[in-house]
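Think of it as A, B, C and D in the order they're written, each chain with its own count starting at 1.
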Amino acid sequence: MPKYVLNQGSDQHKAEVVRQSEGLYEVSIDGASAEVDARMFEDGVLSMIVEGRCYEVHFSREGHEYMLLINGEHYEVTARNHRVRAALGSGSKMLVGRQVVQAPMPGRVVRVLASVGDEVKAGDTLLVLEAMKMENQLRSPIDGHVVEVTAVAGQVVQPGHKLAVVE
Amino acid sequence: MFKKILVANRGEITVRIIRACREMDIPVVVVYSDADRTALHVRYADEAYCIGPAPSVESYLVAERIIEVAKRSGAEAIHPGYGFLSENYRFARMCADEGLVFIGPSPEAMESMGDKVSARDHMEAAGVPLVPGTPPLRTVEEARRLVGELGYPIMLKPSAGGGGKGMRVVTSEEGLDDAFTSAQSEARSSFGDDTIYAERYVSKPRHVEIQVLADTHGNTVHLFERECSIQRRHQKVIEEAPSPFISEATRLAMGEAAVQAARSVGYAGAGTVEFLVDDQERFYFLEMNTRLQVEHSVTELITGVDLVKMQLLVAYGETLPFTQDDLRIAGAAVECRIYAEDPDRDFMPSPGKITALRAPGGPGIRDDIGVYEGYEVPLYYDPLLSKLSAWGRDRPEAIGRMRRALSEYVIEGIRTNIPFHQRVLRHPDFLAGDFDTKFIDERFLATKRTSSCPDSQPALIAATLLAYWRDEESARGSTSSEGADTMSSWRVAARQGALRRLG
Amino acid sequence: MFKKILVANRGEITVRIIRACREMDIPVVVVYSDADRTALHVRYADEAYCIGPAPSVESYLVAERIIEVAKRSGAEAIHPGYGFLSENYRFARMCADEGLVFIGPSPEAMESMGDKVSARDHMEAAGVPLVPGTPPLRTVEEARRLVGELGYPIMLKPSAGGGGKGMRVVTSEEGLDDAFTSAQSEARSSFGDDTIYAERYVSKPRHVEIQVLADTHGNTVHLFERECSIQRRHQKVIEEAPSPFISEATRLAMGEAAVQAARSVGYAGAGTVEFLVDDQERFYFLEMNTRLQVEHSVTELITGVDLVKMQLLVAYGETLPFTQDDLRIAGAAVECRIYAEDPDRDFMPSPGKITALRAPGGPGIRDDIGVYEGYEVPLYYDPLLSKLSAWGRDRPEAIGRMRRALSEYVIEGIRTNIPFHQRVLRHPDFLAGDFDTKFIDERFLATKRTSSCPDSQPALIAATLLAYWRDEESARGSTSSEGADTMSSWRVAARQGALRRLG
Amino acid sequence: MPKYVLNQGSDQHKAEVVRQSEGLYEVSIDGASAEVDARMFEDGVLSMIVEGRCYEVHFSREGHEYMLLINGEHYEVTARNHRVRAALGSGSKMLVGRQVVQAPMPGRVVRVLASVGDEVKAGDTLLVLEAMKMENQLRSPIDGHVVEVTAVAGQVVQPGHKLAVVE
């Protein structure tokens, strides 16, 4: 029986799935099981009927993390099966060490706010990139020091272009 | 009516204009950049011509090339939409010189309103209210006298400089002396100039604008107001009509002021007079937009008037088919701008391919879209995908319909701000009509979202099933190595029905 | 308001009702057959329960099972939609017996109106006009006298039998003697009974119906008329409001008659009184539908009233939030029923998978859909995919918008009657409002389409390119043998972008 | 250069295609050539810009016959390349010989109007099938005689079920 460990924020849950028939599953979360009629539609939306209750689930995935949109609310849940979990060890998601800030999209560097040596907190704006007629703030992913700034105001950059490094 | 027109724009507004023309049996010519061959406005047009590379300075902003296409294709008039060349009076003049009708006001009216100082002078002469102020205040005594005449609260401002430096809000005469002295000294040290003047302090400012419509036969009407105070970083995101805030008397006075403003520059066509309204319902002229607005649909919904058709009528020289007395507000309407941006990541633009799209419908819902399923949202232009509007017999019904429609809207493959709209539309202050232009940035986004998470259990179940299917899929070897197992390829698999086999 | 309701229906009408409930924050329970797990109404509902196999006699028509689901799920009321159990007074009575609110009129009102003879008797007593007739005519002299009182033209009808046998249209007294004698003899030989009576001949009959709405506190209003004369084989296909035919005086008289009809049976909720109107604008009661109509959206568009919400309000015991004086006709609306049927093959149903779907939007367009892209239209139910409605300030604008919207509607994979609608909406007699219930069958479909073919050249180019791409594709061996090279696999290839490589 | 013979109603045309670049073709019909910018979209709609004029073409295909829907008008065009055409001979589409009338969809036979031996014209109704709550008339594809009637009123049939034969 496939077993999963789920992480949502600081909560951890155990889950199990049993396929019962075409489209029908028994899913239990922390031992509480529910019958789930689940269908994946061509528009990429998952439709679930959980003990009579209907949910349309919009989702995307990065690695083992699922970004879910249900009734207009966002949920982020990581789901790992036991095999993956064993290989991963603690499974902590903390960012540590040298972090390269890259351009997430093509655009033009409007302002560079960070200088080498600056002390920054996670979330501090390092520079501003203009794309799609909008100004977008690129922020430090961690608390630390700026060790490199390669971005220059006015420069046009492609996705993945290194803009700064925080350590 | 015109035998053929050209629309010098792209995206949803071009689709909007094509629709009006199609309904009037007017063939439409569009132009497009290299990035836009597959854009919806090209698919919907009767004729389409490429005018240059993706960057708009090399395509949509090249006036000469657009005029050349208009002449070559036999278009008699050019509709500029909004943005791009729509408020460029030189372009309007070029059109006239080349014998083409510019669908908008005269170049002179555009020029008068385009310059802020000239616009303020015109408004002052026409008796349209501006934020009242004093001449420079040389002494404390003079300040006390002139500010007393102006009335409190006031804002002291240095004549030089800007950026908030040296500015002081003063709510009553008691605080004036100290504030004046310190403002003077800060201004002196910051700008080397201690000239200070006072302006009425607009507290809890609202952005309320009046739609006007004028023909070339001297008829000018207004189509009531739009409330546009829901802004993020000075960008309107949700608009509604009528304003839940102003009284009938204020509505009337603002409408008359807007008509006066339009008349004062000999305005023809559709235009918008923007006002700042304070918490006492005093209103002050901000600027006039001499073009169609993004948010024109809410006005159309409460008046039944098709503003684009009216623009065409007026440009052709016809008389407006109604007078002010024929116009009434029916019900209420709200519009949400659907942007390709990620509300969970600081509203970062989210270009890419729309892998699935299902627009909402049903009673009271209007969707003005510029994209389609399979479309690759380009990087070069505004991230506005669609404008979703809802009409109701009253404001609560319009908001209820909007929420319902947002919950139906499926846009997959890119992120959109739909969840942001849903949060705003559930906020008690929004529902109570209690907000100003600072609401989103200072109150709404500043407060951390308390995740009530009513659907946490289904989220856990969904994640479990998605992980389970993925494992099943890799067990069958139906996908390649982990490295290539990106979300998008997985999505494609889902689309091909592979997952339904697993289901 | 109700804490939860159940909708005992499927398809677009269930989606319509879910939308109203969603806007009122009422959770909705739906039921579905084995064929409908993937139906849109199940996707949109809050709760869904399977009630049996695909055939509706084993699922949507099983009253007991539906009532059981309602009770188990905690629903307080049942909305029957239209069709299925909606006009079944026994079901309404069962609901009441089980402590559930039936969202519709009382079982007694339904029963009175459900039987044609009883309905006519009620109407006669209430003074609602019926097609006038004579008692049996025994002699030519009596016929001459009584028909003279009735007025020409008349139709002579045998009391026995039917099917057109023995019927004679008589336009003036001159023709009466001969017609009476021959009708009598034909009736005798056909039915063994020569009893003949006369009824006023309804020439150029129009189907015009009045929407009524009544609460349980004695308030009954009408929401004007719907013109439903565009019918194919007695099935409405295009409806509009207001009727382009009747005068304001007739509208008023019909509205009053309809209110009278509703009052006479103690009606509560939404209902429709159908009339036949002749070319002199005389109107005659046909029947009363004691439920929501398919075409209710056109009434909603011209009045701004949400009829489904009003049904819920009334069923909950509330008072109507408006009186007759508050209601006005604003503009004009038209509705086209989009069916899965092939207008080029005798309107043969066209079930199958919808491979692509793009619903139209923009100003004045409302789409009430019951399907989605990727959905397999099942064989068991009505082929109604969607109801497309358009509103305009006047009839020409509404029709212009409808034509524009139809041209935007993309439904691939199955055939639809969209091209049929487009042809009707271009027909000069339709545009002139010059039609009756026989228009489609006897005038429109009877005349061979003269193919003007304005786009013949692009059609030749398109066919050439499609053949070329297909050849290129087979040259590359990307498809299998000719036998397996069906259109559908080719379509899949197109969806996967294979063809874009070739482009 | 690929050459095609097109048939539309009683008209016949010659066509040629030259691919010029990505999405760009020169198509000539009876010697008159036009530059065509053609794209196939994922919704199965073909978008063409022919010398500046835009067309959205909805289409389906049966064999070499294309059913096209352009601006709300239907067009039926057969397009055969020279190879196919050579193999086909005259290319005539006349139906001859024994014709089996099959159920085009699942449904219930409501009425059988034809009897063995009846003389029928092409288009005459042979029987009525109810499906999707509608009555559908099934007609004779040719002028001829009814040689077999297997359908029985009240019978429920599946697609492809033989209902009658006309010769």
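General remarks:
Here, contacts are C-beta pairs under 8 Å (C-beta built on N, C-alpha and C of every residue); 3 or more make two chains touch, one makes a residue touch a chain.
Quantities reported herein were computed from a predicted structural model and do not represent experimental measurements.
Counting hops only between chains that touch, chain A reaches chain D in a minimum of 2. In this structure, the chain pairs A-C and A-B differ in their number of contacting C-beta pairs, and the larger number is found at A-B.
Averaged C-alpha coordinates give centres for chain A and chain C that are 49 Å from one another. Averaging Cα coordinates per chain places chain C and chain D 31 Å apart. One inter-chain figure worth recording: chain B and chain C are separated by 40 Å, centre to centre, where each centre is the mean of the chain's CA atoms.
Within chain C, residues 44, 356, 358, 372-373, 407, 495 each touch two or more of the remaining chains. Along chain D, residues 23, 39, 42-43, 53 each make contact with two or more other chains. Per the touch definition, chain B reaches chain D in the complex via residues 29, 37-38, 42-49, 73, 372-374.
The touching residues of chain D, when paired with chain C in their complex, are 2, 4, 6, 8-9, 13, 15, 17, 22-23, 25, 27, 29, 34, 36, 38-40, 42-46, 48, 50, 53, 55, 57-62, 64, 66, 68-75, 77-81, 104-107, 131-134, 136-137, 139.
Chain C makes touch with chain B in their complex at residues 15-16, 19-20, 22-25, 44, 297, 300, 304-306, 330-331, 356, 358-359, 361-369, 372-373, 393, 397, 400-401, 403-404, 407-408, 495-496. Against chain C, in their complex, chain A makes its touches with residues 23, 37, 39, 41-43, 47, 49, 52-54, 56. Residues 340-341, 344, 346-349, 351, 355-358, 379-383, 406-407, 410, 412-413, 418-419, 422-423, 451, 453-469, 471, 487, 490-491, 494-495, 497, 499-500, 503 of chain C are the ones that touch chain D when the two sit in their complex.
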